[in-house]
Amino acid sequence: MTVREILAAHPLSNPLDRDLLLRCIEDCIECAATCTSDADANLAEPDVQEMIRCVRLCLDCADVCEATGRILIRQTEPDLGVLRAEIEACAVACRACAEECEKHASHHEHCRICVEVCRRCEQSCRDLLATIRG
Amino acid sequence: MTVREILAAHPLSNPLDRDLLLRCIEDCIECAATCTSDADANLAEPDVQEMIRCVRLCLDCADVCEATGRILIRQTEPDLGVLRAEIEACAVACRACAEECEKHASHHEHCRICVEVCRRCEQSCRDLLATIRG
Amino acid sequence: MTVREILAAHPLSNPLDRDLLLRCIEDCIECAATCTSDADANLAEPDVQEMIRCVRLCLDCADVCEATGRILIRQTEPDLGVLRAEIEACAVACRACAEECEKHASHHEHCRICVEVCRRCEQSCRDLLATIRG
Amino acid sequence: MTVREILAAHPLSNPLDRDLLLRCIEDCIECAATCTSDADANLAEPDVQEMIRCVRLCLDCADVCEATGRILIRQTEPDLGVLRAEIEACAVACRACAEECEKHASHHEHCRICVEVCRRCEQSCRDLLATIRG
C-alpha cells in the first residue's frame, strides 16, 4: 500500500516500532474493508436470521478499525495513552468479530475470510501494544 | 435529538442503563462535531504553529467519538467487551483532547467550548462504564 | 447543538448562507445517527428478510451524512465544487433512504421516524445547494 | 487486498463492471489513507501556514473516499442513483485535493505521492461512472 511510501516521506515519525506500526495500519485498513463486506454478504444470505450477531459485530469492527487506522497513520504529536486505548479497543473488536464469524466459517466462505483478517489484525494490535506498554 | 425517539421505537434494547446510554450517545455525537470544528478553527488561527498538537488530538477524538456513537446506537446483539473497550478508548481520547484544548482556552473561545464538550463526554463515558464493570 | 456555538467562535466562515449551513450540518448529524439506528432496528425485526434493502440504504445514508456533516463543519479554505458535489450526493442518499423506509413506515415506527429525518435532511441539502448554484 | 477475495465469496454482485468496481474500491481505500497521512504530514512542516488549504482538502478527500469505499463494497440491494452521486462527489474531491497538492509537490514528497494517488482514484471513479451513465 502507498501508506508505507507516504509515511516514509513524513517529516516526523511517532515513537512506535516502525515495522509493527506499518503492519498494524495496513491490517486495520484491510480489516475495516473486509468487515464492511462481510456484514453486507451476511445480509444477502438466505439464513440472514442466523447472521444478525455477525452483521452487528462486523459493523462494530469496521468502525473501530477505521478509526484506529486513521489514528495510527497520524505521526504528528501523538498521545501514547490515546494510541494504547484505541489499539486495545481494536484488538477486542477484532477478536469478538472473529469469534462470531468462526461459527459460520464452514458454510460461508466470506465469514471464513473475515475470521482470518480479523485474527491477523488482532495479532498486529497485540504486537504493537506490547511495545507501548513495556 | 431524534436518536432518543428512534431508540424508543427499537424492538430491542442493549443491557446498559438507558439514561446513561442516551446521554453518552448524544455526548459522543456532539463531541465528534465539536472536535471536527475545533481542529478546523485551529487551522485558521494566526498562531497555528502553536496549535498543531491541538489539531491532532481533536482529529483523533472526533474519530473515536464517531465510532463510539455508532457502536452505542446499535442495540442488537451487543458484545459487552467491545462496548467496554470502546467507551474506555473514548474517555481517554476525550480527556487527552480536553487537556490540550485547556492550554488554549483563555485565548481561543473555540478551544474553551471544546474543553467543555470533551469533559462532558468523558464523564458520560465514565458514568456508563461504571455500570458495565460493576 | 454546540456546533452552532463553536462555529460562532470560528475565526472564519465559509461563503455559504449561515442559517442554511447550520441547519444542514445539524440535519446531517441527526440523519447519520437516525439511519445508523434504523439499520440496526431493522436487523432486530422478525421480518428482517423484507428489510434488507432498507438496512443497506440506511448504512449508505449514514456514511454519506457523516462525511457531509464533517465537510460542512469545516470553514477554513473550502472548495465550493467539493461542497456542491457532496451536498448533492447527500440529498440523493437521503431521498433513496426515505423512499425505501416509507414502504415500512406503517408497520415499523423506527422507519417512520427515519423517513421524517431523511426528508428533512434532503430538504436542507437542497436549500443549501440552491444558494451555491445561483 | 483481501477485499477482492471476500467480494468473490459474496452471494451477490452489484450490476457495475467488476474490474472497474474492484479497482475503484481499492483506490478509494488507498486514497483515504494517503490523504489522512498527507494532512498530518503537512501539519508537521515548518511552512504549515502555507499548507492549510492542502490540509483541509486532504481531510475532505479522506472523508469522501472512506464513505465511497464503504458504499461500493456493499453488493446487496444497491441504488444506482446513490452510487452515481457518491462516485461523482469522490471524483470531485480527489481532483480538488490533487490540484492543491500539486502546488506543493516539488518541495514536499508526501504531497507528490498524494497527487498521484488522488489522480488515480479520480480516474477510477470517472471510469466506473462512465459505465453507470451509459
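Note that the chains take the letters A, B, C and D in the order they are written out, and that residue 1 is the start of every chain.
Note that in this section a contact is a pair of C-beta atoms (placed from the backbone, for glycine too) under 8 Å apart; a residue touches a chain by one contact, two chains touch by 3 or more.
This one's a predicted model, so the numbers in the text were calculated from it and none came from an experiment.
A.B. asks: Taking contacts as defined above, which has more of them, B-C or B-D?
C.D. replies: B-C
A.B. asks: Given that chain C and chain D are copies of one sequence and touch, is their interface built from the same residue numbers on both sides (over half shared) or different ones?
C.D. replies: same
A.B. asks: Could you pull out the chain whose C-alpha mean position is farthest off from that of chain C?
C.D. replies: Most remote chain from chain C, centroid-wise, comes out as A.
A.B. asks: In angstrom, rounded to a whole number, how far apart do the mean CA points of chain B and chain D lie?
C.D. replies: Distance between chain centres: 27 Å.
A.B. asks: Determine the centre-to-centre distance between chain B and chain C, using the mean Cα coordinates as centres, and give it in whole Å.
C.D. replies: 20
A.B. asks: Among the residues of chain B, which are close enough to touch at least two other chains?
C.D. replies: 40, 43-44, 52, 56, 59, 66, 70, 74, 76
A.B. asks: Considering the complex alone, what residue numbers of chain C touch chain A?
C.D. replies: 40, 43-44, 48-49, 52, 55-56, 59
A.B. asks: Could you pull out which chain D residues touch chain A in their complex?
C.D. replies: So the residues of chain D touching chain A come out as 1-3, 5-7, 9-12, 25, 29-30, 33-34, 36-38, 40-41, 43-45, 62, 66, 69-70, 73-76, 108-110, 112-114, 116-117.
A.B. asks: Across the complex, what residues on chain A touch chain B?
C.D. replies: 52-53, 56-57, 59-60, 63-64, 66-67, 70-71, 74, 76-79, 81-82, 84-86, 88-89, 92-93, 96
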